[in-house]
Amino acid sequence: MKRGFVGILMGNRKFIIGFIIFIVILTGAIIAHQTIPFRYSRTGAFPPGLPPGVKNILGTDSLGRGIGVQLAEGIINSVQIGLIAALIGTLVGALIGFTSGYYGGIIDAILRILMDVFLSIPSLLFLILIASLMRGVTVQGMALIIALFAWASPARQIRAQVLSLKERAFVDMAMLSGMSKMEIITRELVPHMFQWMSANFVNATLAAMLAESGLSILGLGPQNEMTLGMMIYWALSYAAVFRGMWWWWGSTVFTLTSIFISLYLLHLGFDEVINPRMRSKI
Amino acid sequence: MTERKPILKVKDLKVYYHIDRGSVRAVDGVSFTVHEGESFGIVGESGCGKSTMAMALLGLVVSPGTIEGGQIFLDGTDILSLNRELIRKIRWSQISFIPQGAMNSLNPVMRIGSQIADVITTHQGYQPEKNLRKRIQKLLSTVGLPHRVYRMYPHELSGGMKQRVCIAMAIALEPDVIIADEPTSALDVVVQRVVMQTLVDVQERLGAALILIGHDMGLQAQVVNRQAVMYAGKIAEIGEVKTMYKNSLHPYTKLLIKSLPTLQLRHDFQGIPGLPPSLFNPPKGCVFSNRCPYVMEQCREAIPKLVEIQPNHFVACHLHSEVIR
Amino acid sequence: MWSYLRYVSGRFAIFIITIFIAITIVFIVPRLVPGDPLHGITSKLAEMGGSRGSPELVEEYRKLFGLDQPVLTQYLYYLKELSRGNLGYSIGNFPVTVTELLMRSLPWTIGLLSVATVISWLIGTFIGAISGWGGKESKISKVLVPLALGLYTIPYYILAIILIFLFVYVWGIFPISGGYTPGFPVKFSLPFVLDVIKHSILPALSIILISLGWWFLSMRSMIVLLQGEDYILLAQAKGLSDRRILWRYAFRNALLPQVSGLAISLAHIVGGSIILEKIFAYPGVGWLLYNSITELDLPTIQGGVLVVIIALTAANFILDLIYPLIDPRIKYKRG
């Protein structure tokens, strides 16, 4: 069942395009990070404010640091934050969603209210509150903070899935009285869960990266490590737009946009694969 | 029986659906005539093309369906030759429709009164609200609904009430023909009776022709004057109801009647073995040939034509074309 | 009538519960961070040179936080002060209260957001409906759909940066930042209003252009979905004009999900606008929050977060009240 799902995904055009863009950006960043000398990212490595040239492909910033190096590091860190936060959020969310849907009753009522509250309140606000209280965040720290809010959406979706499957499981049970509940659950639920969880994971990554860049632009990102959001923060702090340093803010904006679009394409691809199959099954 | 003027004449109508896999011949050369004030039943199993035909009569065939051929004469005019705007004008005012399940056919966010008023103002121009209200409330009472339904929303009504609203709506413009597509199949038996009775009363009072489409031969027999039996996109037999029961000619009709339960005779049910043919690739000869207990050599070779064997009794079967020859 | 009241009281209860949970979270979070919450404030004051009545300030806060008392008492004290509208003093701006600061900045944010949201929702919904009804063949749709798809995925600030680059740096049409030109007399005069509008166009555009994409797409897909409904078929059989079917039958039914989509996306819009206000130095709550973050003005941060949540929840509640007017079935559904 798993192989069939992945196979279909690979055939979906949107999924493939998104996947390729994302992987290209990521691998490009990793390669650049490994090959470009570290000293390029030190302050004063080059004359400040240089437009793209032969020696530094993307120019330098106001402190004389190479943009290319920063971009590479930024991509890696931002993606790292996104993936970690998404992973934690999706797993925790799936657990909570499953518990809520499966057990029902009071547990479900409480968890549902919690989910709704977390979803209706802008996570950015609370993230601001939390991040501003912590002095000096690290990349991992940021991932954890963002993960605090990343669970709500997967939880709600998984819960909905469990609820609909629960009904079918009982109907099946009435017919196949020999099968234990456990068997039905493992055979029906788990493959479905896998599909939904991977879709949720992609969405959560997108949301987490959006959260990271948002927080960082406000200056709440990691101070000692570079992320894409922080790059924009620095660019804005040094009025890069008004100084015409298009290579500084432009490269970051372009990269961020590409990553967001690629993740969104992945999401669309998942949607197309999962939903029509769901519909045809029912 | 007095000679009544034909109000609807369908001639060799063909409606096909063109999809990836091929073309589905939903309606494949159907012809029949309905007279003024007559109640005419079209009966057939699911997938025989009767609903598609209803859509065609209303000019509502949309892609991937296309009208491949034939003519539909409504009071003398071939509606298939009309442009969109003209078709829109004759819809409802000359030929109206009662849908299968009124569950979802009424606009959930509009009051009943407004939905009926819609047809009136569209086809008869603006009317002051007071006049509309009185007129619509009178319509509602002819179908046995209280005046207060005027202000209600669809979800506040029961299934039977909604269906009766549809009936009231269908007669609002006093059309010449009313098409009812399985109007009671979504209702329980008791309500079925009430709704059917209402429909018949209304139709008689109006003097409109009623085309009743369904799969329940027994139910139809209580209501209609003449009946057409449809199978796999083609007409098998047309005749007056009494004739069909006492003296049906087409093997399919005979088997259909045998499969109806009766209180008097307690015998084993006879279903019809086999399955309807694929409408993608209809067989070369008669569409019923693979299930017909009387099948002959020529049934598999040639498509039988619909012929008037006795006055007002048509059948498309090689068994009987022999007689003519 | 009764069903409506029952519905309203249900939504009101949820409104109260959400605010309560938010208040509690805002209370708990600073206390979860290890260390004396006041320490952050006092060290900040020491940085500032301990001027401007700091002993009194520290005393105020000791009282406000009730740090020498058990947590529950602190909580109750906090609630009590909250109900009196006392959000504490702003550290950087003592003796200005947090409440005052918020009152000054709220109008800007509410003004910008409500105008931008309403405009984009209205335009997006209407164009989306027309596009959806016209179907996939329409030429306009072929252009609009990919455009909308491309737009709505990117966050507001990216578009803002691009807009600033074009309209401020390259073409110099719009002012760099702020809510109005500094020094301008702040009163309801026409020149002032025009000045305000000039300053709000870019921030508003950043929100409008991107949100438009989303409203367009969601309404469009809703209408396309609805076209298969039985009541649309019957409406066509009734010989109603295309226009009438679109607006009275399809549009009205697609409206409810659009409005509830508005409620759901409010949180997202608010989050994005905070960043926008920073980029444009627009004097709203977001700008206030940003500055409080850099100055570590904790009471203002807390107050700001709280007020925004309350405003959002209130907006949601108001929208809840509107639903039954759009869709008469709502009152009768549970949950």
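Just so it is clear, A, B and C label the chains in written order, and each chain counts residues from 1 on its own.
In this text, contacts are C-beta pairs under 8 Å (C-beta built on N, C-alpha and C of every residue); 3 or more make two chains touch, one makes a residue touch a chain.
Keep in mind that this is a model prediction, so the values were computed, not measured.
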Quiz item: Which chains does chain B share as contact partners with chain C?
Solution: none
Quiz item: Where the centre means the average of the CA atoms, what chain is farthest from chain A?
Solution: B
Quiz prompt | Euclidean distance of C-alpha centroids - chain A vs chain B, Å | solution = 56
Exercise. Determine the centre-to-centre distance between chain A and chain C, using the mean Cα coordinates as centres, and give it in whole Å.
Key: 23
Quiz item: What part of chain A is in contact with chain C in the complex they form?
Solution: 113, 116-117, 119-126, 128-130, 132-134, 210, 213-214, 217-220, 232, 236, 241-242, 244, 246, 249, 253, 256-257, 260-261, 264
Exercise. Enumerate the contact residues on chain C facing chain B in the complex.
Key: 229-231, 233-241, 244, 248-249, 252-253, 326-329, 332
Exercise. Please name which positions on chain C make contact with chain A in the complex.
Key: 14, 17-18, 21-22, 25-26, 29-30, 33, 40, 150, 153-155, 157-158, 161-162, 164-165, 168-169, 176, 264, 267-268, 270-272, 274-275, 278-279, 289-290, 292-294, 296, 298, 301-302, 305, 308-309, 312-313, 316
Practice problem: Within their complex, state which residues of chain B touch chain C. | Solution: 58, 60, 88-93, 96-97, 99, 101, 103-110, 118-119, 122-123, 153, 155, 166, 169
